[in-house]
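Chain IDs A, B and C follow the sequence of writing; residue 1 opens each chain.
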Amino acid sequence: MSEASKYLSQLQVGEGEQTFLDSNELIINMGPQHPATHGVLRVILKLDGEKVLGTECVIGYLHRGVEKIAENRTYTMFNPYVDRMDYVAAVSNGLGYCQAVERLLNIEAPPRANYIRVILTELNRISSHQLWLGTHALDIGAITPLFYTFRDREEILKIFEKYCGARLTTHAFRIGGCQYETYEGFERDVKSFCNFVAPKIEEYEELLTTNRIWVERTKGVGVLSAAGCKALGVTGPVLRASGVKWDIRKAQPYANYSEFDFEIPTRQSGDTYDRYMVRMAEMRQSLRIIRQAVERIPEGPIMAKVPKVIKPPPGEVYHSIEAPKGELGYFIVSDGSTQPYRLRVRPPSFVNLQALDLMVRGQLVADVIAVIGTLDIVLGEVDR
Amino acid sequence: MQPVATTFFFYFLSALALLGAVFVITRRNAVHSALALIVTLLALAGIYLMLYAPFVAGVQIILYAGGIMVLFLFVIMLVNLERAEKEKQFNQQWLIALVAAGGLGLLFVRVFTESKTVSGLLQKPLAQLAESTNTQQVGIALYGNYMLAFEIASLLLLVAIVGAVVMAKKRI
Amino acid sequence: MLTSITSYLHSNETPGAAGNMFWALLYILAIFLGLSIAVIAMNWLERKVLAHMQVRLGPMRVGPHGLLQPIADALKLLIKEDIMPAHADRLVFWMAPLITVLAAFTTFIVVPFGPTHAVTDMNIGILFMLGVSSLGVLGIVTAGWASNSHYPLIGSLRSSAQMVSYEVAMGLAVVSAVLMTSLHGTGVYGTGTTGSGTGTLSMIGIVKAQYDQQIWFAFKFFPLGLIAMFVFSVAMVAETNRAPFDLPEAESELTAGFHTEYSGFRWSLFFLAEYSAMIAVSSIAVTLWFGGWLRPFPNALTGATWDLLFSLFPGFSFLGLGALALLSAMRMPRHRMFKIQTIGLAGFGALLALIGLGLLVPPLRDRVQDIYWFVAKVAVFMYLYIWYRGTFPRYRFDQLMMVGWKILLPTALAALIATAVVGVF
């Protein structure tokens, strides 16, 4: 028995303490229509007054059968569908899928394409974290950061729009590279964005990091230890906030992340505050990567030699990338035809969400909201 | 200022208080009873005002209507009302209760009739207190003449608080 | 009849004290009307100020700069379908908003807008205010219960616990201000005045005491007055269920808390009550610690010149606002699409300027001055409410209770005892 399963067996949390009036257990439904469940998540809460005795997540309200759709589309046709999973980080989704198919085809994207990919993906990471920060702060009751982050996220979306015509579901990459050459002034835009957003991140921190109420609301809330993370397969900033230095960009470098100099921010206590700090630091690291990439972006082709009809040889591949929310993996089985025989997505939100019950047992209703926010789930990705 | 329509307001407030009291014991729904009790308490506060005792009226509103009744409602909401509504509202001691209430009523009637004939009691009007110094007079009485009684009462309340904490909390 | 109406004009009592029913009713009507306008204005201001704090514009479409937005909102609420949930307790559901709004409005009977500008002056003024405003919680509790729904129930349980808890700290802070009315202090704490030593609970009496002692109670026995004022101004935010203590209606947790099931007109009553209660508690704070209707430095800057200068304030501030509106009307884009907006804004500016000119006329000037200073001080508190909302996250329930019982209550108690000690010795 591994360390992880031993940890899990210890977690038999008792039925909360019986209270003086021991008949006031309350079952309430949070969602699927609820302002703070980030979409259509439904959480059934068992409450004793304000204390949470247990939760159960009901998911599937946004289920579109993305994995089944994949079996009926060619590899190229399926590419836009992945954007619709984690719709706030569509670029990352596209990158993971394209690279998985590229590995299946055994081709390599040209260096310039890789640079463009890294720049756009890191921009997307910042925008995803900004959206997370705004909504998370809103859940905890601070309404102002939301508007600040949306104001700054807009600049990123403008760059996306100029690059590929779409703001949210970008479909920015193609199998084998990128479809579009960068537009005139792309480097200038990205550079000026970096200079624009760096002080804005300080601004968010100014509003929240030392805010007494924010600290009280997040410190010690929803603690998830490193062992807990490992046992449940939780990845991404949640894992790093528990002190595990695990980032696929460093551990199994893809694209050309190995060429860049950046750090993996980690924190020790694994509570909501630390996850907040980790994400804030990650935004700065992303800026660092973008700055390096823009400086060094080479000339050259943006598309590898890809056959007109994509017909990978029979076989299977699992490729994972570090999406803003954690490890995003694609497992593709090919039977040699133009369509995948089976495609399975390992979405970070779905896996991270299962930690919810563990994190909120014995805490208060308000903490459920904070924890849902801090896990940074996107229901499009959970339900697929 | 001269009081306006004293008789009307006296009967109005009294009727309100009585009506509320009747509703308190006849409503099957505990929340309705509590709300009726609040009406009674507020009507009593009005009567205190008419008696030139604004301080007592204010305290009545703050403590009873605003404080204690909120806690009452708080507790009632946590109780399973559907079950409570089906339960029998009156217990078997209604006969004794009737006798006791009747006795009390007779006593009131007796006092009222006696006072008409025997000198004293209701005939001599009480010295009218000046409205403007009511609070000060209450203060002087409480912290002057009745200092000891007041302090003992507060000690009693302290005991009650400690008792409540001990009962409600298993671990201290 | 007529003589009693006109004779009151020369009296220097409140209509309640003078026993003048006509003027009392007129005052009640005026306060009701003024309060409604204040709530509407507050609604617009909150949206605009909050919007500008959050790098957006706020309402801009209905009327120039969204000036008519609150009216459009009110209209929308009035014609909205009135929904009552199935199995709701009809009577209680119907009564709950009434209780809240009545409690919020009744408090204004004793609010002193000026030495004579109050409906009546009660011997127990401040006690009455605290008592009646504490009745508002009954409406909230019953609203949550009557809705027959879980979220409102939790919301109302939260709010009752919260309001009852914070009333204690609030009351203690008030007591220390009341204590100051009778204490003149000696030595470094002395106010340089002597008096009979009787305190008062009357709202007008408290302001007069501040005038007699020549100090706002916020600065008396420095820093004790400030501490009590601070405790009160935290407790009053909790008492009115506003951010960062807006747990009863915590949007992200309980959808809308106790009024989740309310819609249309009933909901708007809750809204009205909430804002009236905010104004009411701000008025208490202003009366107790900031000299109520007194103009700045009523004792230090005396003389005809200063009196004239301060009495010109109301008129000139309205003129200034009018000029601001006219200026922004001139800066409107010259396009026929904006023609009506420009005219509207200019008209609004002209109206403000006209009011300003009217306030410069001598007899009105002196009468209105007290009300002006009172409202201006209350407005500062209302602005603080908006500011809090733009800045702070929300407290969690246990933390809220901890703040109330473990921080505010001991602080208020300590300030009270210290005030007594400093004042007597």
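FYI, a contact is a pair of C-beta atoms (placed from the backbone, for glycine too) under 8 Å apart; a residue touches a chain by one contact, two chains touch by 3 or more.
Note that this is a predicted model, so its numbers are computed, not measured.
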Centroid-based (C-alpha) most distant chain relative to chain B: A
Most centrally placed chain - per-chain CA mean versus overall CA mean: C
Interchain centroid distance [CA atoms averaged], chain A/chain C, Å: 46
Centre distance in Å when chain A and chain B are each reduced to the mean of their C-alpha atoms: 62
Euclidean distance of C-alpha centroids - chain B vs chain C, Å: 32
Sites on chain C at which at least two other chains make contact: 157
Sites on chain B touched by chain C in the complex: 1-2, 4, 29, 31-32, 35, 38, 54-55, 57-59, 61-62, 65-67, 69-71, 73-74, 77, 131-136
Chain B-touching residues of chain C, taken from the complex the two chains share: 16-19, 21, 89, 91-92, 95, 122-124, 127-128, 130-132, 134-135, 137-138, 141-142, 144-146, 153, 156-157, 160-161, 163-164, 167, 198-199, 201
Residues on chain A engaged by chain C in the complex (per definition of touch): 26, 28, 34-36, 47, 49-50, 137-144, 146-148, 151, 207-208, 211, 213-214, 216-217, 364-367, 369
In the complex with chain A, residue positions of chain C that touch it: 50, 53-56, 150-151, 154, 157-158, 243-244, 246-247, 250-255, 389-399
